[in-house]
Each structure stands twice: as C-alpha cells, then as structure tokens.
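What follows are several structures.
Each of the next two complexes has chain A plus one other chain: chain B in the first, chain C in the second.
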Partner chain A sequence: MKFDGQTLAGNTGFKVGKKVLLVVVLLLLALLPMFPNSAYLVSTVTLIMIYMALGQMWNLLGGYAGLLSLGMQAFIGIGGYSLAVFSIDAGLNIFVAVFLGGVISVLFGLVVSPALFKMTGVYFAIGTWVVAEALMIFFSNWSVVDYAKGIMIRSVYFLTGEQIYYIAVLLGVISVLVVYLLMRSKTGLALMAIRDNPAAAESMGVKIFSTKLKCYMIACFFTGITGGVAYINLAYITPSASISTQWTIAMTFMVIIGGIGTMEGPIIGSIIYVALTQYLYNFPGISMTILGAIAVAAIMVVPNGIMGTIHNKTGFELLSPRRIMPPDWKKLLGVERAKEQVEAAGDKASKKE
Partner chain B sequence: MKKRTSRILAVALAAVMLLAMLAACGPSGDTPGGNTGAPSGDDGEEKESILVGRVVPLTGSIANFGAGTPFIEEAAVEAINAEGGIYIEEYGKKLPIEFVVADSESNLTKASEAATKLILEDGVDIMIASHTADTVLPVAAVCERYQVPCITVDAPLDMWLDGGPYEYCYHAFFNSQTELEGFSAAWEIIGTNKKVGLLCANDTEGTLFAEGMTEIAKHLEGYEIVDPGRFTSGTNDFTDIINTFIEQDVEIITGPVITPDFSTFWKQCKTMGYTPKISAIDKANLFLSDVIAYGDNIGNGLLSEIWWDASMETASSLTGQTSQELADMYLEYNTDIQFAPGPIGYKHANVEILVDALQRAQSLEPEKILAALDETNLDTIVGHIEYDDDNACIMTIAIGQWVVNDAGEWEQHIVSNEYLPSIPLSGTPVAIPGSED
Partner chain C sequence: MNEILSAKDIGISFGSNEVLKSVNLALNHNEVLGIIGPNGAGKTVLLNILCGILTPTKGSVIFEGQDITHQKITERCRIGFGRTFQVPRPFEKMTVLENIMVGSVFGAGLTEKQAKKKAMEIASFIGLDHRLTWFAGKLGLLERKRLEIGRALSTDPKVLLLDEVGGGLTETEVGSIIDLVKKVKANGLSVIWIEHIIRTMLEGTDRILLLANGTDVICGLPQEVMQSKEVREVYMGNEDK
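What follows is the complex of A and B.
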C-alpha cells in the first residue's frame, strides 16, 4: 500500500471559518488600493508582502528544513541586480528580468550547495554568510554591475504604487501557497524528518541531499524573485545594500517573533516588523533602540514566537502543514492486526503456562 | 468547544492583523521633527503648513553628519515662520514651514523607505536630504518616482550625476575634480614624492572616487596613483593595503572613508610603523571628536576637506547670520563640541535654497517649484548656488589640518584656500609628525 504525506494530508482541509477568513483577507488585499487616501497603506502592505515572501522562504529553510541560513541576502542581490542589468542594459521587460533573477539565483544556489550541504547547523549558517559576503565583494568589483557605484533603476519608474502593490501581493500569496503546498507534500514530510533527526530520516529512506537541495532551490528562486520585486519598489541598488545582512536580520526577526516553523509566523512577523519600522520613523534617532528593546522583550515573553505560543496554548493554527491521521489510520498502519497478533501471542503464552 | 475557540481566535487574529496595519499607517502624532502627522494636499482639510520631508542619518556609522538636525533647519525658518511663513497662491495665504524628519539609520534601504513614508504618509510637499551618497541617492530615486521636488546637498556631485538625469532633484556639492584640486593645492605646499595611495571602500563613493582620481591625476603633473584595490567597509585588516603603500613608497593617502574604517586603518598604520607625509581623507576626519577618539594624538596632522567653516566670509540669505554667528549658535546648542563642522553650514544652506525657491514659486505645485529652482541664483552661507542644465551646482573646498598646539589643545588650521578663498587661511600645511623620521 502506498502511504505518503499526500494521503495523510487529504483528510485535513480547511474549516469553514478559516476559509471565510482567508477569503476576507484576500478580498481586502485586492480592494485596498480602491479605498480613499490609501496610498501609504498600500505602500506599507507592499513592504509587508515583500518581507513576508522573504520570511516564508527563510522559514522554509530554517523552520522546516533545519537549514539556518544567514546568507539569503545573496539572492536578494542577484534578484535586484538582474532586474537592474537586464532591464536597463539589455532592455528586457522588467518582469522577464525579475524572472531571470530567480533563475540565476537557482543556478547560483546549485553551484554553492554541494559545498554548503557538507556543513550542518552553525557551520552551515556561517558558510552561507561567507558565500553572501564573497558575492557582495565580487559584485563590488564586477564591471557588469557597474562595480559598487549603485544603479538608479529608471526602468521601473513607469510603475505606479498600486501596480507595485499588486505585484507584491501576488508574490506574497504565491510564496505562502508554495511553502504550504510543499510542506503538505511528501517532500515537506521528509524535510521535517530531516530537521528533527537526519539519521533516522535517512534510515527510513529519505534522500537527505536531494530533499535539502529541492527545498534550497525553491527558497533561492523565490528569494531571487522577491529581491527583484523589492528593487522594483526601491529603484536604487548597490552591492552593499542589496547583499546586506540587514535583510537577514529582518528575516530572522520576522520569523522568530512570528513563530519559527509555523506557516503564520512569517506573516505575523512581517506585519509586526514593517509596522514597527514604519512607525518608528516617527522617532528619529531612537528607532533602532526601541526596535531592539521590543525584540528582546518579545523573545523573553513569547520564546516560541507569537504563533508558536498561541499554538502551544490553544492548538490553533490557520495554515497547518501538520497531518491529521485518517480515521482508518490504525488499519492503514496495520495496528489492529499487530494488536491482535500481540494478544494472540499473549494468550498462547498464558496457555502454555 | 475547541472548534469555537479556534474560530474566535481566527477572527481575533484577523482583527489584530488589520488593526496593526491600520495603527501603523494612520496619523502618527507629534514627532521630534514637528510633524503633526496630518497628510497635506488634497484631503479636503485646510492646509496649515508647508510640509518639508527631511531624511537624515541620525544613527549608525555616519550619524555625526546628522547631528544638528532638526535644530539648524528649524532655527533657519524661525523668523519666517514668526511672520506667518511663505505666501502660497493656491491657498491665498502664508503657510509656515514644518519639517518632518526621518532617520535613515545610515542605511541606504532605510533612507529609501523613510523617503517613501514621508511622501505617502506625511504627504510632504517637498523633500530635502543631505549627508553622503547613501542618503542622497536613494532619496533622490524615490522623489523622481513619486515626482516630488527634492533639494539635496552634501554628497559628491559626480556620484549624484551618475544616477541622473534628474527631473525633480537638484544638488549642490563638490565633485572629485574640485576635491582633488583642493587637496593637491595643499600637497604642493608640503612637498612630497607625489605618490598618491588610494584608500577606497567598495561602496558607491569609494568606487567613483577611485575612478575619478585615477582619471584626474593623469592631468596633474608628476602625480602617480597607487591603487591597492577596494576594501570592504567594516574590515579589521588593512595589512595588504598598508604593505602596498610601504612597498610603493606612498607619501600621500587619500579616499572617501567613514570614520570607523579610517580609525582601524590609521591605528594599524601606526602599529606597522607606516606614517605617510599626508593623509587627505574625505569624510572621516571632519569632526574633531572623531580625530581625538583615535587616541594618543595620532590624529595630529591629518588633512580634511573644508566645505564650510565658521571663518567663511559669507552670510545667510535667510537669517542674515554670518558663518561665525551660525557656528556660535550651534555651539551654544551643542556644548559637547568645540568646532561647528561643515555639515552645519550645508544644512542651513539646504534650507536657504528651499525657502528661496518657495518664495519665488509662491506655489506648492511641483512644476512651479521646479521652475523656481531652475532660476536659483542665490548667495548662501556656503557660497553661490546656481544650477546648471543637469540640475547640479559645483561647489569648491578649502583644506584644513588638525593640529595639536604647544598647549596640547586641538586646532584646525585652514592651510589651503586656493579654490575657496572666502575661507581665510590660518596656517601652513605641514607633514604628519613622524613621517620624515
């Protein structure tokens, strides 16, 4: 009998309330630019969507696959510079340029992954960071990207705030959907098994390298695409800003505050992060101090993140990748039969006595 | 029961998410910059002020440049605001100028996000920005996108032009050529073997400076550029670069470097026994507090570019203050420092250009403000401002040297003013102590 993640996932599904909630949220997102005086809200939600997509990918690696990467900013830089170079120098359509950024990110990920996947834990984290720093230095000395001079991405000026918003919303929703579907697939189950116990996962037939690679490639692609969209919004790029640890700090902040290893964590984390940073612009000079204090306080009060804590206390999850065992799971697993066999063996033994 | 709880939580979660977004994006209340949080323009409310966005680094590696904001800006418009402000035709009345300040945190991405916030949330009518390319360029990009007039100063002009052409942005500052001309005038007096070592980070300013200097030096008789390549800002090891300078017998070092990087470099030079005759570093040594912080008086003899100084024989078109009076006013406000640095004069000049344009435009319509900026012909506290066809105004520099006097006190001597004679000379340049041993 075939028994995989997909079969088990089939019995979960959304509850009606959750479906309604999701529809309402999506509807609000779709209609938001039509509200009067919503330009700033639209701009803020654009940022939330971009950061959410980044957070989802970081969470996919760190929260589900156990690949704590400190170097995802490399793909933001690749995505941003692909947009700049392909759309300005090569004259390509900006969406083609953004897509190419995703493809190049995958190729770059493929090149560095054999070396990176030889490392685990903190070594993997440092390895990814070193790769990103090396790429930043390479870009700073590469004529194709005009060294470290910075590029004004004039090719994106024609887009209005609303258009960028819809691009970002599409990206944000797709990123959530991709991670959700991935985690509810056989690969997702394998990833969590690798995260929890690599040796046991391998002994159960999980192919560690190829599973990690698949996950890493997906994260590379979407982080690259998100980098492109982020720079459609920012319109000015330099190597030091695009391949900056600031992005990783933001991703880590969002996922940890929101709840690592939960689908909703990066969503909540991105809302909190963007809302806080935007609000704190009103406190010039002390904004970083306040943000740091909030981060420390949040980690102390809710060490599992907001969604992790809510889940632990109430069991609530909006987008759960967890599988619910089907009603006939005992039959599927042969538990009843095993129980009968054990009981029969027990009876036999007692008769002998 | 559990299902019900989950539903209630789901609804609560959605409400919280929406409230969080709305709370963050709604009116923001009073701020240190004086922002009332009320969006301006066409929201139907009566316009009460001209909102001026001000992006400035108040924290981070270039926070020293941001010091003095918003005190200087608000002091500059105090008298005008006391008389009701500037007459704006659309509103048929005078409106006071109000600054809405946002901290770039010395971060390019944050500068861009802050500028977007100022335009979309606060609804600023016009933007001013200054203090290095990392602040000015991202803000300019945002203003071009949202078609908001933007007046900037204090970022090398050629770097700003590299991102052009501009329609909504205007910029005034020195460029690589005027900087090299200013520095080389001082080098000539000291007398060296004319070997110039480049100390440039792999950032926007470092890359453009290296290119510009290499090109310009070709036209300067006898000067040879030694370029050991770019370093990554934040590095703790300058051994390769210093060894190259030693091997090539470099007697002059120059480049745009932030203070933390120069501090590391300079201390390592001392450790390795290398003392060039001249250190003409841009950015790092503008502030006495930084030079003192290197310790053991090793900052003695460092050259720095002077864009504005208290001794400059100029006066404000706004307040009538002389440079000395502006410096005194700032030193009274900031009692922690002994000298008013260049950024103070340029902050004031930035407001002078703004007010002049608004007074002539008598309008908050971008086209009219831009037309007024095109016609700018103003004597400011930092010198004459008149924009060319690229919306750029080239400024010049004098050269100062930090010196420890016989009493052990720090002084800054103006040692070269060939290209900025409105700053009087106060000393003769000397080689860095220990370089001729």
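What follows is the complex of A and C.
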C-alpha cells in the first residue's frame, strides 16, 4: 500500500503518468488499422474489445454487486437476435437494431428480476442459468427467429473489418467509462460497501436491493448491446451458439484471472482470454480442458486475480474509485494531525522498501 | 415521557430455540444504558431486533412514540439508529475516509462533498484522523473498534447501539473507549451498550440491565445491579473481580 504525500494531498484521482498512459493507449487503438500488416491484430483487438465489455458488465455484477450470474448469455442472444431481426426483417439501421437489443434486454431483465432477486448466492446463479436455458429453447422453437436453424445476418455484410474494429473499440471504451463513472458516483460508494460487507452497508443506510437492481439493469443493457456488436462481427447467429454457457465461461474466466472487483481486472482478463483462445485453436478438442487448468492454476497462484494481487501488494490502481481528501484537508485536520498522517504514511512506504 | 426507545415484551425463537422469552427495556433521552448477561443470553439478538436486522416473534419496538417493529434496517438508520458489530465489519478495501462517508451519504443523506467534511470531523472525534487514507483492512483491533463507532456515528443517529466495543482490548484501550462513549453522550446521544467488562459498565453507564434466561432480570443503577443477588446468581459468584 502506498500513501505518499501526494496521495494525502488528494491527487490519487489521475496522476500525470496515468493520464499519459491512457492517452497513448487510446491513440494506439485509434491508429492501429493504419499500421502495415495489422489485419490480424485488428481482428484480435476487435475480439478483445467485445470480451472486455462483457467482462466489465459481469464484474459489475459479480465483483461489486454480489450478483454471481451464470445467465448473462441470455442478453447476448437477445442482442444478437435483435440485430438480425430488426435489421433484416424490419429493415432498420443496424445501429438502431443494436440499440433496440439493449432496450429489450433491459425489459427482459425487468421481467425476470422479481423472481431472480428473491434468490441469493448459488440459487441466484442457478436461477439465471435456468432462465437463459429456457430462453434458448424458446428461441429454438420460435418462427420469428427461424427456429434453431439460425440467421445469416446479411445486413452487416457491407461493413469492413476496420469499421467493425472501430465499433468494437467504441463499445469497449464506453463499457469501461460507464463502470468508471458509476464507481465514482454515489452508487459506486454503495457498491464498494456492499462488496466488502453487505450487512454493515445496510445498517449504514445503503439500500441493497435497489442498488443491485440498478446494476443489473445496466449490465443487461450493455450485455445486450455487446451481443449485437458481437454478432455484427460474427454475422451468423443460432440460439445454441448465442445463448451459450461458452460466453459465461469466458466472462467468469476473464474476471477471475484479471481480478474480480477491480476495474482493470476485466481489461487484463479479456486480453489474456482472447490471446489464449486464439493460441488454443491449435489444440482442438482439449482447448477447454487447458483453459480450465490454467484457470485453476492461476487461482492458486494469484487468488485475487492479477490486478487484485498487484493492488494488494503495491496499492496501484489505474482506474481508481478512491475518494480523495478534500483540498483543504490540512486545515481541517490541524497542522499536527496532518503531519502525523504524512509521517505514518511515510513509515509505511519506507517499510516496504 | 422521557423515553426515546423502548422494547415491550420482546420474544424471539429460532426454530425450537427460544432465545428471548419476554424482554422489556426503556432507554431515556441522553442516557447510557448498559446491558450485561452471560454468553449466549441473546444480547446481540436483542440489539439486532432493536436496529431491524431481526423481526421479533412477539412484542414491539417503540422509537419516539412510534411503533417501528416492522420498519426496515435502512429506514431505521435514516430515522436515527446507528450500530456497531461485535466483530468489527469494516469495509476492508475502502479507506477510513470512505468507510465513514458511506454512512454520511446513505444514512444521513449528505452529498459526497459534505460527507467528506463530516467524515473528517468524525475521524477527529474518534481519534482516527491520522488514518484517514489507510485501507480499513490494515487497521489494528482498537482502531477497528473506533472505526465501528465512527461509522455508526456517521449516519447521524439519535440512538447508538454498541455491541462489545471494549471486548479484546487492553486496560488502557478500554479506558479510551469509555472516554469516547462519554463524549458521545455529551453530544446529546442516547446509548445502549452491551459489554462484559465490569469496569466499562460501572464507569461508563447510567443504568445497567441484566439479560438472562430470555428476560430482563433486573435493571437499575450500576452499583446496585452489580451488587445484586440476581447478578451473583447468574454469574455464580464469578463476578467478584
């Protein structure tokens, strides 16, 4: 844990170094397709962005709100099929179709949440999974979506890989931004408290049910949108592939490896997941086994995930939800106490070395 | 009427385990009421009933003349209850500043900016202002107990419910907790304080209630209760120290 004078003075929010890093990353993302021979990297980063958005939303639920969902693939299906049906059958613009997918996801979430929210823990997890399976079976028997046959999403054929890349980057960046802004808002304060100790949070006035519901709605919306974008990229959708536990495995893997309950966890996790699955293409059949083995090994080495471990050791946070001291903190504390605070912090820091 | 909070004929069972049979208590305005009783007597359960974590099987809880037996925890927090947990439950991955802010924002209804100022005041009050930027998970036991009190105060309560805040502390540390509770009382709050340590009860409370066998056995001035035959019977002579 690092508490230097700067932290105390209230500069944890965004130090210059972090700002530069973020600008560089964003610039690289913007310019990537212009580099020569970048086609493979562009398609890989497209996937990373899509998975990152899914991971951010799953982490919002599992890492902060205490809602371990195994059924978010329902909203990927809803998003994907909304894209297909609204853009082909209804002839709507694909972006409008994707947006509608988000809206329908929220509506669906609202319908199922009263029953799901009566359950907690493992029961909630199983409940969400059952709902997703039921939806998959329903889609497989529904004429509007061409039953289990699947739909060729011709309406997206005109898009180039580069255009899809930029759509995915926009989605990825927005997903991080949404979670970041949420964590910096009042709701974020409530979420961190719920994450650390729900009973204490409630006794201090935090309304757990409504906070969870709010997060669930946000996650439904963006997972639905991400489903739409994922199927802009895939261009062919079936019920069993879209509403598939494969997605949930990906989401949990990314978040747990990256660091559950941290904002950077899903970012790192998505990079690792996509890189790994690309590589494991070479080992068809046993790829899932290898993925599982890696997950187990990682949990044993870094139980809090990569970011969680780094954070515990160094206090480093790229995207910090920390509330900083007010600017006039020294005056408020009085000179003596302020000095003690800095000294205590210095103590800690120097002991680390 | 001088009562701010009272419990009338409270009973609660968990399955076949009847923990409280019939408990009556009254807390006066600006009073510190101590509750003693053997392990497993149901002291924590009683506190949970008062603050709304548990609903009693029978009886009622009256706060400022209103029946609040069925009011939710968050609602009771808003109308004026603050509580600590026997085993401190800090938000470990949040700083001390943030820990206290939670109550000021959600319990007292302040904006985050106001809550920050308030949190700093409270930190000074409880003697943790040199730990504001520390993660609560890194605090020692005395500091955790202080933070428990700070977080309970952050919701701007009228009634403070303390569950063994002195437990596990050294003699000197206990002294500083007694001083802290006295300061809380001087600020106009009413306090219910569960504790095992006799000294805290004698020095820190206005009245003591003995809870045993599922009921309020005796209630009165600290010296009287401590020397009563009821206390001696319940503790079987172990209380002479």
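Note that in this section the second predicted complex is superposed on the first by the 302 of 353 C-alpha atoms of A that agree within 3 Å, B and C clash if a C-alpha of one lies under 4 Å from a C-alpha of the other, contacts with A are read in each partner's own complex, and residues count from 1 in each chain.
Basically, a contact is a pair of C-beta atoms (placed from the backbone, for glycine too) under 8 Å apart; a residue touches a chain by one contact, two chains touch by 3 or more.
Predicted model only: the values in this text are computed from it and were never measured.
When the two complexes are overlaid on their common chain A, residue A:Leu47 makes contact with chain B while staying clear of chain C. When the two structures are aligned on the shared chain, A:Gly91 is found in touch with neither chain B nor chain C. Of the two partner chains, chain C is the only one touched by A:Ala193; chain B is not.
Residue contacts after overlaying the shared chain place A:Val206 against chain C, while chain B stays out of touching range. Residue by residue along chain A, chain B and chain C are tallied for touches, and B comes out ahead. After overlaying the two complexes on the shared chain, residue contacts for A:Asn141 are found with chain B alone; chain C is out of touch. Residues 15, 17-18, 21, 24-25, 28, 37, 39-45, 47-48, 133, 136-137, 140-141, 147-154, 156-157, 161, 234-236, 238-241, 244, 246, 264, 267-268, 271-272, 274-279, 281-288, 310, 314-316, 318 of chain A are the ones that touch chain B when the two sit in their complex. If you check the complex, the residues on chain B that touch chain A are 2-3, 5-7, 9-11, 13-14, 17-18, 20-25, 28-29, 31-33, 35, 37, 39, 43, 56, 58-59, 101-103, 105, 107-110, 112-114, 116-117, 120-121, 133-134, 137-138, 140-142, 144-145, 159, 162-164, 201-204, 206-208, 229-230, 232-233. The touching residues of chain C, when paired with chain A in their complex, are 51, 53, 73-74, 77-78, 83, 85, 89-95, 97-98, 101-103, 105-108, 112-113, 116-117, 120, 124, 129-135, 138, 151, 154-155. Interface of chain A with chain C (complex): residues 1, 3, 7-8, 186, 189-190, 192-193, 195-197, 199-207, 261, 322-323, 325-326, 329, 332-333, 337, 340-341, 344-345.
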